[in-house]
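Structures given as C-alpha cells follow.
Heads up, the next two complexes both have chain A, just with different partners, chain B and then chain C.
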Partner chain A sequence: MLKNLCRHVSKDYYPSLELRRSITNKSDNKWTSVVGLEVHAQINTVSKLFSGAPTNFSSPVNTNVSFFDCSIPGTLPVLNEKCVEYGVLTALALNCRVNPVSTFDRKHYFYADIPSGYQITQQRHPLANDGKLEFQVFTPGFHKTPYRTQVRIKQLQLEQDSGKTLHDVDRSLVDLNRAGVPLMELVFEPDLKDGEEAAALLKELITILQRIGTCSCKMEEGALRVDANVSVHKKGDPLGVRTETKNIGSVRGVAGAIRYEIDRQIKIKESGGEIENETRAWDAVNKTTVAMRDKERQQDYRYMPEPNLPPLHLAMGPVEHGCVNVDDLRKSLPELPEETRSRLRDDFGLNLEQSIILVNEKSFLELFEGACRSRKLQGKLLANLLINEYTNVLHKMDLEPSQVTFDSEYFGEIVELVQTGQISRNIAKLVLDEIIHGNHKNPLQIIKENNWMQITDENELIKLCQNVIEENEKIVTQYKSGKTKVFKALLGLVATKSKQRANMAKCDRILKELLSK
Partner chain B sequence: MNFLPRFTKSLRLYRLKSSLTATETSAAAQNQKFLVPQEPVKSKIDPKKLPPRTKIDADTIALLERLSLVDCANKQGIETLEEAIAFADQIQQVDTTNVEPLITVLEDRPLRTRQDSVTEGNCRAEVLSNASLTEEDYFVAPPGNIPLEARENLLYDELQQDNKPV
Partner chain C sequence: MDKLLSANIKTVFQFLIDGRITVSELISNTLEKAHRLKKYNAFITLTENEAQQRAQQSTQRYKIKKPLSELDGIPIAIKDNFCTSNIKTTCASRMLSNFIPTYNATVYERLITAGAILIGKTNLDQFAMGSGTVDSVSGPAKNHWMYNENNDNFYISGGSSGGSAISVATGTCFAAIGSDTGGSTRNPASYCGLVGLKPTYGLVSRYGLIPLVNSMDVPGILTRTVDDCVVVLNCVAGFDPKDSTSLTKPYRKIRLPSVNKLSIKNLKVGIPNEYHCEHLDEEVLDVWNEVAKLLECNGAKIQQVSMPHTEYSIVCYSILNQCEVASNMARYDGIEYGFRAKEDASTEKLFATSRSLGFNEVVRNRILTGNYFLLTRNYDKYFNQALRVRRLIVQDFDEVWENVQLLLTPTTLTTAPLYEDFVQKTNRDQCALQDYCTQPANMAGIPAVTLPIKLSSKGMPISLQIMGKNLSEPMLLALAKYIENAVQFKHCTEI
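Right, the complex of A and B next:
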C-alpha cells in the first residue's frame, strides 16, 4: 500500500534508501535547521499592475511593453483594480489581517532589466500582515503518518516584476515583456523545519491559489517563484547565519534544495568553518546549490514613498469608500482545501491520508466528486481505486494524473461494479487500462466483450481450486508439510487460471477448505 | 488625521504674501497685518543639544562612491558631506509628538484605478527606437553589474587635487 502511495507522486519523489537513512540519522544529531520561504506569485490578470500592456506568456520579444514599462519620461503608474481584488482574496484565504490603508514605495537598484532604476513595491505599509496557514505534512515514503503544522505569514504585498535578461559572455540581452507584471510577494516567518515541510507548505499554497483563481502557479512559466532562506544552529544556540537560495523551478526542487543546503551548512560548521550570508542558486541538474556571482554584497535599496501613488484605501466594516470591498470578497471565497479534506472525512468516511492525497491531486478530486454525483458509492473504495489501481495503470504508461482526462461517469460505473461484486479489483484495473489506452466503449461493454465478469458461483470456484490443487502437487505437499507461505502462490495460480475473474475472497476460503481435507 | 486645515492655512499665507509685495505701498495694504517679521528671528535650534558630528570613514566613502558614482572620496568631499549631515541633524530638535509623518497631501483622496483590460503595448518599434544598440528585438546591455573598484589612495588630499588638470 505504501509503495503504491509513493508511486502516485511521480517517480522522482521517492527518495532513495540511503538518502532517507542519512536524513533520519540527523534526528539524533545536535543540529536544528530553520527554513523560511519567500514566494512571488504572479497575479492572474490580463493586464499589468500599473499599465495596460498584456501579461500573456511567450509573446514575441518586447511586444508586451507599454511606454510606462520601458520608463519613457512623462508616463505615470495607474493601479489595476483587479490586482487589488486578487491580492485581498489571497490575503483572506491565508487568514491575514487586511490593512485598510496601504502605501507604495520605491525600491532602488541598478540592473539592466528595470529601466526606471526602481521597483514599485509595498515595503512599509503592505496590503496585509500577520496571516496563518495550517497544513498537513505527508510525503509518502518519507513520513510514516501525516502530521499537522502551521506557518505564519509576515506580510503580503503587491509589487512589480522586472524584465528578463539573457546572459551572454560579453553582453546581456533584455526583454521587457515581464517588466511591470503584477506580483504578490508572500513573506513567511521562519517556522519551517526542513525541505519536506517547505514542499508541503508550497503544495498547500498552490492548491489554495488555484482554487481562488488568483494565480496560475505554473512554476515552469515563472508564475510562481520561491526563494528559500536556510540556517542551522545547535539546540540552545541563537539562530545561525542564513543563506538565500533562488532559481528553484519545482515543488520537489524546493525540498531538494533545502535538504542540500542544510547538509552543506552542517558540513561546513562541523569542520569548523563559518557560513557566509550569501545568495545561492539551485542547480537542478546536479542537485546542488552554487554561489551566485553577480550579486553585490551590500545593497542599499534607498526605500522612499512612491510620490506618484496616493495611499490605497480599502472598504471594510464601517468604511464604505475604497478601491474594493473586503467584506464582499470574504463572502465570495470558495471552499478552501482544508475544508474539503474535512468534508471528505466527515461525509464520505475517508481517512486522513486518503483525504490529503485526493485534495493534493486535482484530477483525483474531480474524478471522486464526479463519480459520487450520480451514484451511491462507498467513499473508501472509490478513494482506494483512485489511489492504487488507477495510479498503477498511469504509472505503467509513464503518465501523470494531470495529463489524463478520464470520464468520471465511467469511473463511477467501474466502482459500482466492484462494489456489487460483479467484477474483481484486478479486472477493474484491466478495464481502466483499456479505457486509458483509447477504448471509447463504456466499462460494462468492455467487460462483456472480454468476458471479464467475476466468477462467484461456488461450484465453479470449487472446480477451479480443485484443478489448481491437482496440477500443483509439489506446492500442495509443501503447504501440507507446514510451509503456509506458499498459500499465496496457490491463490495467485487460481487467479491466473481464471484470468483474474475469480472472486478472490471466496477462493481464499474454498482453497483453505479443500487443502485441509 | 486631517491635514487639510494646515495646507489651506499655508495657502492663505502664500496668497497674503504675494498680495503684499504687489500692493506694498497702497493704502489697502496699510490696513492689513504684516505677517513678514520686521526683525530677524533668532533660530530656536540649540547648538549645544545637537548630536555629535558624524565622522565619515574610508569604508563608508568608498561605498557611497560605488553607489552614487560621484567622485567624492577626497578631503573636501568628506568635509562637505559631514557639514551637510550636521546641518540635517538640526531637524531632530523639532518636536513631533502626536504628529503623523506627512507623505503626500493627497492622502485622503481616492487612488485612481483602472479596469483590468489590455489597452497598450504592441509598439515594439517605438519602444526600441531610443536604444542605441539592439539585437533581434532585444535591448543590448553590458554583461551584469560591474561594481566600482575602490581606489588605492582613497583620501588623497587637496594638494594633489589642485595640481590635477580639471
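Right, the complex of A and C next:
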C-alpha cells in the first residue's frame, strides 16, 4: 500500500517528460532545424527502365530514343530486369525491407519533356521501404571529432526520368535522350539536423552506391540529384513550414544550400515573418537559394495504377519465382563502408578519423589496401602518411586524389622504409613528390641517388649534435639557464643541418645528453 | 468470283493451292469490290499498292507450292487503331489524321508473316470510343443489311469496330481485326451478322493497338464462320515479349472437330437471369430461348444462374474507362506527332489548342471526367470504388464457373438501330445501353464470342453471345460451331 502511494506521489511530483521538455525550452530559445533529403540516383544500366534505348550521357541530342520513349501510340513498357536487380541491391545496402510485390503508378503532368503526359513511378507500393543507415559525421575544420548518427529511409522506388527542355530565344527545344532513363528515388525521413549531416549522408550514400555499382553518382552528369527539405522551429514547438530546395548538384552544394536555407528561415522568423511552403533552387554561383516559378507549386498528379505493367514479383524466402532473387542478391553484397571502417580500426589499429577519411576517399583506401597486401606495415603510420604527407604533396600540386594513380607497391615500400627507420617522414614526402612529378624509379633508388638515407650511426649523430651546440652558443646558454623551451629550436637546427636525414628520435636523446654534460 | 469472296478461308486456300485462281486475281477482285462498296464507308484507308505488291509475292509462293500458311494471300482488314508501318493510322480522329507509324502492331506483324494481305484500315468511332461507328471524322460506317440507296437513313453498323464488321460482312475480305474494350468487336459483329471473338485478356498482344482502356482492351476477330475465326486466332495468339500483360503460357493451336463429330452432350450451359433486362427486345429474347431449347434438346444441361452485379458493370466500366482515357490521351499534345495547332503564344496554349481542335467532344468529355475521378480527393470515391465493383463482377463469374462451363446470353439487346434513332441519344447513354451484355466479359477478362442466329422480322441479324472462363476458347468456339451448323445463318455478301 505504501509502495503504491509512493509511486503515485512521485508521478505527480515530477513533471512528465513532455512537460519537462517544454519547461526547459522556455529558457532555451534556440532554433532547431530539421532536414530531410530526397535523392534521385540514376541506375547504372546500359538501357532505359522500360525500353531498349541506350542511356549514354554523351550521345547526340535525341538519339537515345525508342518509340516508347517518345510515347508513340500503341507502344508498351517492358521492365528492364537489371534495373530491378540494382534497385534491390541498393535497398539491401540501405537495410530496407524489400517488398515481395511492388506496383507501378502513373503520375500525370503536362510538360513538353514528358511526352506521354505522365511519369511511371512507384507511388503506392514501392520496391522497398523502411531502411536505416548509420553513418559518421565528420567535416574536418567543422567538427572537432566525428560522431555517429542515423537516418531512416522511407522508401526506395523505381521511376523514369524526364527529358530536357532547352529554352532558346523564341522557341523551346526538347531532348528526349534522358526520357525514360531509370532512376531510384530515395526518400529519407527528416532525421538530419543540418547541412553537414546531409553532406555526410550523401557522401556515405555515394560511397555505398559506387561500391555496389548501382549508380555512377556523377553529380556533374546529373546521375545523382538531391532535393533538400528544410524547416526550423523552436524546441517543443511543432515542426515549422518547410521549403524544398531542388536539384542540388554537389555534396558541398547540399551543405551550403541547407545552411543558407536554415539561416534564411531563422532570419525571417526572428523578424516576425512566415515561411512559405515553396520550391526553391540552389544558386551555386551566388551561394543562395531562390524561389522557383509558380509552376512548381502543389498540383494534383492524379495518380493511377499503370495498367500496362503487372505487379512486380520478387523471389525471396520460400517464393522461388520472381523477377530477381533477393536472397541471392543479398549474398552478393560487397563489404559496405561502415564495415570497412570498423575493419580498418579493428585489424589495423586506425583511429575513427583515419578510418572515415580513408573510406571517404576511394583512392586512399585502394592505396592503403594495396600497400598492405604484400608487406607487414603499421596501419597507423601508413594512414598518417596518406592523410598527411601524401595529401600535402597533392595539395601543393593542386591535384585531387582521384586524379592521381600512385603505385601501391611503391607506397608500401616508402612506408616500410619509414617504419624501419631508413628514412624520415620528411624524406618520405620528398620521395612522394618526386614520384608524382613523374620520376619512374622505385623509391629506394630515388633515395639512394639523392643520398636521402637516414643517418642512424650513433657517432655520426653525436658529431652532428656537437656541431650544432658549438655553432649556437647563445641558444645553448639560454637552455642551460633554464629556458628549456629552446630545445626544440636546437633540434630543428640539427634536422636542417642533416638535410632532414638525421634520425630525430636518436638526436633527441643525444642532444639532451650532450646539453646536460 | 463474288461466290469465292463469300466462301470460307479453307475453300479459298484450296482454290489457290489448286491454281484455280491466283492471289493477284483474288486481291484485285477484292479491291474492286472495296471500291464498289465505298458507300458503306467501311474503310478509312485502302492500301491498294501495299496489297498488290504483297499479292505478287504471294502468287509467286503459290507458284512454287510454298505458301506460308493457309492465310497466305487471304485479304484481310484491320481497324484503324492498330499501328501499321508506313500506313496511316488515324483512330478516326483529327488528332492522328497525319500519323504514319514506323512500326507494326504485333497482330498485324503476325498476320503478314503468315502471308495475309491487308487491303485497308477500317472505320471506327474516334479512338474506339463509341458503339455505333458514327463518331468518326471519316463519317459513319453503314450497315449493308436492308440498305436503301435512295434513303438518307440507314441501319448503323455498330461499333466501335463497325468498319471491320462491314468489310467482312459484305464479302470484301475474309477476316478483319477489331478491338474490344466493352464490346467493340462483338457489337458490330452482332449487328452485321458475323462471328466476333473477344479472346481472353492477354492471349493476343496489345502491342501496337492504340489503347482505349489498357486493362480491358483486346484485339478482336471478325469473320463469317467459326472456322475462319479459329484460323485467324491461331495466327495471332500467343506470348509477345513486347506486351508485359500478355500471357506467357505457350499457346496451343485450336483444332475444332468437324461438325459431325461435335457433341454437346452434358455440356453445362448457364443462362444468367440478369441479362434479361428491361430493354431486351422481344425477338432477341425469343431467339435466346430457341437456342437454349435447341441445346437442351441435343443433350446440353441448361440452367438458370444469377450474376447479381451485372447491372453495376456499366457504371463501373464508365469510370474506369474515363480514367484510363484521361491518362492515355495525355500524350496527344501536338509535340511529337499528330495534329499541332497553329499557336505559339506558349507551350501550354499550344497543348490546349491542339487538344481542343484535335479531339471530338466525346473524347474531350471523357478526358475531363476521367481527370475529375482521378483527383486525389475523388480517387477513393470513384476509381477505387470502381475497382472494388470490378472485383465483385469477376467474383460473379468465378462463382458461376463452379456450376456451368459456358454462358449463353444475347450480344446486343436489339438488332441494329437506325442511324436517326441512334444519334438521338448521347454517346454515353448509347454505350450504357449497347454494351450491357458484352461489357462484363471485359471486366473479367474472359473470352466471349458472338454469332448470328437468324434475321428479325425487319430483316436484320439477331445474334447471341457465349462466354467461358479464361482460356476456354476451344470449348467456346466448339459450341459456337455447333450452333452455327444448327442454325445455318445465311450471310448477305453477294452484293
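To be clear about the criterion, the second predicted complex is superposed on the first by the 477 of 517 C-alpha atoms of A that agree within 3 Å, B and C clash if a C-alpha of one lies under 4 Å from a C-alpha of the other, contacts with A are read in each partner's own complex, and residues count from 1 in each chain.
What we mean here is this: a residue touches a chain if its C-beta (ideal position, glycine included) is under 8 Å from a C-beta of that chain, and two chains touch if they have at least 3 such contacts.
Bear in mind the structure is a predicted one, so any value in this text is a computation, not a measurement.
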Looking at A:52 after the superposition, I want to know if it touches chain B, chain C, both of them or none. Which is it: first, second, both, neither?
first
What is the contact status of A:112 with respect to chain B (first) and chain C (second): first, second, both, or neither?
both
Larger contact residue set on chain A - chain B or chain C
B
If you stack the two complexes on chain A, which partner ends up touching A:175: first (chain B), second (chain C), both, or neither?
first
Classify the contacts of A:212 with the two partner chains as first (chain B alone), second (chain C alone), both, or neither.
neither
Touch test for A:303: chain B only (first), chain C only (second), both, or neither?
second
For A:67, is the partner it touches chain B (first), chain C (second), both, or none of the two (neither)?
both
First (chain B), second (chain C), both or neither touched by A:77
second
Intersection of chain A interface sets (partners chain B, chain C):
67, 70, 72, 78-79, 110, 112, 172, 174, 300, 307, 309-310
Interfacial residue positions of chain A with respect to chain B in the complex
45-47, 51-54, 60-68, 70, 72, 78-84, 103, 110-112, 165-176, 294, 296, 298, 300, 305, 307, 309-313, 321-323
The answer for chain C against chain A in the complex is residues 82-83, 89, 91, 96, 99, 101-103, 105, 206-211, 213-215, 241-245, 323-324, 326-327, 329-331, 333, 335-337, 347-348, 351, 371, 374-376, 379, 383
Residues of chain A touching chain C in the complex:
67, 70-79, 106, 108, 110, 112, 115-118, 172, 174, 300, 302-304, 307-310
Which residues of chain B touch chain A once you look at their complex with the stated criterion?
63, 67, 103-104, 106-107, 109-124, 126-128, 130, 135-145, 147
